[in-house]
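In order of appearance the chains are A, B, C and D, and numbering begins at 1 in each one.
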Amino acid sequence: MNKLTRDQMAARVALDIPEGAYVNLGIGLPTKVANFLPADKEIFLQSENGLLGMGPAPAKGEEDPDLINAGKQPVTLLTGGCYFHHADSFAMMRGGHLDICVLGAFQVSQHGDLANWHTGAPDAIPAVGGAMDLAIGAKQVFVMMDLLTKGGDSKLVAECSYPLTGLRCVSRVYTDLAVFDLGANGASVIEMVDGLSIDELRTLTGLSLNDATVSA
Amino acid sequence: MNKLTRDQMAARVALDIPEGAYVNLGIGLPTKVANFLPADKEIFLQSENGLLGMGPAPAKGEEDPDLINAGKQPVTLLTGGCYFHHADSFAMMRGGHLDICVLGAFQVSQHGDLANWHTGAPDAIPAVGGAMDLAIGAKQVFVMMDLLTKGGDSKLVAECSYPLTGLRCVSRVYTDLAVFDLGANGASVIEMVDGLSIDELRTLTGLSLNDATVSA
Amino acid sequence: MIDKSVASAEAAVADIFDGARVMIGGFGTAGMPDQLIDALIAHGAKDLTIINNNAGNGDTGLAALLKAKRVRKIVCSFPRQSDSYHFDALYHAGEIELELVPQGNLAARIQAAGAGLGAIYTPTGYGTLLADGKETREIDGRQYVLEYPIHADFALIKALHGDRWGNLVYRKTARNFGPIMAMAAKCTIAQVSDIVPLGALDPEGVVTPGIFVQRLVAIGNAVRAAA
Amino acid sequence: MIDKSVASAEAAVADIFDGARVMIGGFGTAGMPDQLIDALIAHGAKDLTIINNNAGNGDTGLAALLKAKRVRKIVCSFPRQSDSYHFDALYHAGEIELELVPQGNLAARIQAAGAGLGAIYTPTGYGTLLADGKETREIDGRQYVLEYPIHADFALIKALHGDRWGNLVYRKTARNFGPIMAMAAKCTIAQVSDIVPLGALDPEGVVTPGIFVQRLVAIGNAVRAAA
């Protein structure tokens, strides 16, 4: 079987983002999704630090330290974008105004619980940023992650063992092996990479996955 | 004795407003205070409907229906003034950012309770506007009113009989006969019109007023 | 390409349903979206709950909607005015329900809805008739009243300029409730004097970001004549 | 004549006392008022509680204040960054207290302080470690956590332009926490690139009205060089 590359995963997520959507892409892997949004569609990227209509990274030498994204990297503003303060920015999230938020994760439970802010390691300095706000605010929360850890453990789990970011908040998980819809009935597989069977996925995850794949 | 006219009362209130103060003048009688603020001092008038730095009424023919005060009368904006939305406007009040608010009243209790929004008449349509926000928000709340009703009843009372606007919120009351400071110890007379004695005031109000007048 | 502009006020309000909760911007007539209200009257939706600071002035705008008996309930701070006679008549006839809310609580509850808060503790109204029966709490020695957010299905607001993404700027004190109502309604419809090209609004000066606006209608340079 | 400008950053921060609660604007280094922080370090106030989104970057600004051991406690959402080594060292040595707050709750609690609310119910953090021991409530079928306002004695913020009345505008995403911190502190001190004549700022575009600003210092056109 062919695992999806990170770019392929990002491209797959991008397919599910319709024109006109208001979207927040979390720090790290989700940032890549921006590279695969169709150039002929208008999609609005929000950054928690107070901008809507975020554009791509500036050309070398054009960086402006006052124009950054949530990851504190230099960005640009599209024509038609605008700035606002932090309370308004998080009102956009918490108030349910964003259509889609794409986040990375340490673990996601089959019912949509998210763990992505803290490994629980006793000496780690905790840092949460906007993760908990993003987790509960957007109309749909997508997670993008490798299905397995380097040690081979599934990151899609029955119950999260890491500290939670939000409860029952993730609606869809995009991984390198499959795409899952989550809900009250647990996880449903909607797509798999070629050469992988749902039984193999059940073995890898240890979950009784629903089969929601559609034959091509 | 010479009762103060409404203009004299307004002028007396204006004396207690220092340069640099942020002030809201309530609808009705308090509006007159603006006419007596010293032209050589900068005092900031706030209007609940979203402006700070309110100027005088415009010249005839210069009225702008989009530039009005809380009483919905046309006003102007001073150079250096600005506009904001209603939530920010009431954050200014409720958050304690205004120094002084001047309000009219039906009754004020000797401990500073204010009744100025509703007579309690059973068939009256109730309307509160910003009165309750102004009553509890400003650092100091001044009331400006005739001491007596047309029927001769004192409007400074032991306990308000009209529905309250705010509890223990009025710090000073300016009337046509005297000026009172209010507090936990009740009302103290700090000024009276010529020819009036504190005993006469006690008779008029039915209150055991403290004498805090200062001999000239 | 995303273009939130619609051709007419009538088209903009066509899906407002009977029984809808509708916020209407404005403080008195400043900021009142008259053309949208006229379209709503023509559209015919009834049993509406209206959230506005007032209860109509004279015979136009919200007053006309009241006169047409389309409003079951009004949530406002200051219904009684010298020219609120249509509301007054309905109220005395028992034909309209009134929820009276102190103006700052009205603004804060609308803002709380837009920001996704579940409730707020506000000092305004504590100890008064308007807090009767409401939960209270002492916090750091001060008394507060628990107040819940005010949501709406639609907001009808008036702004000065808008662009096709829905970004808005307002004019003077006509701004008032517009920005917070835009955040609190599921569907916000703005009437603007004109729709400007994308990029014409200063990104530092946009008051309502387009995310809060679903539709806008250019009504021409129809600044209301002074009454 | 009211003129809130002061001659120097040193004069502006001279009354910040030991043990004060001080908000510092900025998201990372964007919007961080470096000159005011340098003046605060030189001034010497200690045992401070700092409210900021982060816990310092590199060796300047807030990081330098931490390194100088003036901070007893920090309230922030995201302390751990690639260049937060001064905070990391203090934290591991047990020399600084950390109150970790989700970023949106941080913003909402600061805004609640500025707006005079007693507390808010927020959905963010419900069911997580960061809500441990906090009061919760179900409202309309959703779970919320009770959170209290964050007040401060001082706010140090950075803006682009200011006028002598204290009106401020910001620059791009350097705006971030500035406007809400200005509302939440008893004394707000702004460093601005320059002080413009009264009337030079568009009254429609003022982001922080002067009522929320007590002092401002012009620090020249010192836009921070990209690190």
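Methods note: a residue touches a chain if its C-beta (ideal position, glycine included) is under 8 Å from a C-beta of that chain, and two chains touch if they have at least 3 such contacts.
Note that the coordinates shown come from a computational prediction; the quantities given were computed from them, not determined experimentally.
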{"item": "More contacts between chains, B-C or B-D", "value": "B-C"}
{"item": "Separation of chain B from chain D, taking each centre as the mean of its C-alpha atoms, in whole Å", "value": "35"}
{"item": "Chain centre separation in whole Å, for chain D relative to chain A (CA means)", "value": "29"}
{"item": "Centre-of-Cα separation between chain B and chain A, whole angstrom", "value": "55"}
{"item": "Sites on chain D at which at least two other chains make contact", "value": "108, 111, 115-117, 122-123, 170-172, 204, 207"}
{"item": "Chain A, residues touching no fewer than two other chains", "value": "77, 83-84, 87, 90, 93-94, 137"}
{"item": "Touching pairs among all chains present in the structure", "value": "A-C, A-D, B-C, B-D, C-D"}
{"item": "Sites on chain A touched by chain D in the complex", "value": "47-51, 63-68, 72, 74, 77, 83-87, 89-90, 93-94, 118, 123-133, 136-137, 163-167"}
{"item": "Touching residues on chain C, where the partner in the complex is chain D", "value": "108, 112, 115-123, 137, 139-140, 142, 144, 148, 169-172, 202, 204-205, 207"}
{"item": "Touch list for chain C against partner chain A, complex", "value": "1-2, 111, 113-117, 163-165, 167, 183, 198-199, 201, 203-204, 206, 209-212"}
{"item": "Chain C partner contacts - residues on chain A that touch it in the complex", "value": "19-20, 22, 42, 44, 46, 52-53, 77, 79-84, 87-88, 90-98, 137"}
{"item": "Contacting residues of chain D [partner chain A, same complex]", "value": "27-31, 53, 77-81, 87-88, 91-92, 98, 100-108, 110-111, 122-130, 143, 170-180, 207, 223-227"}
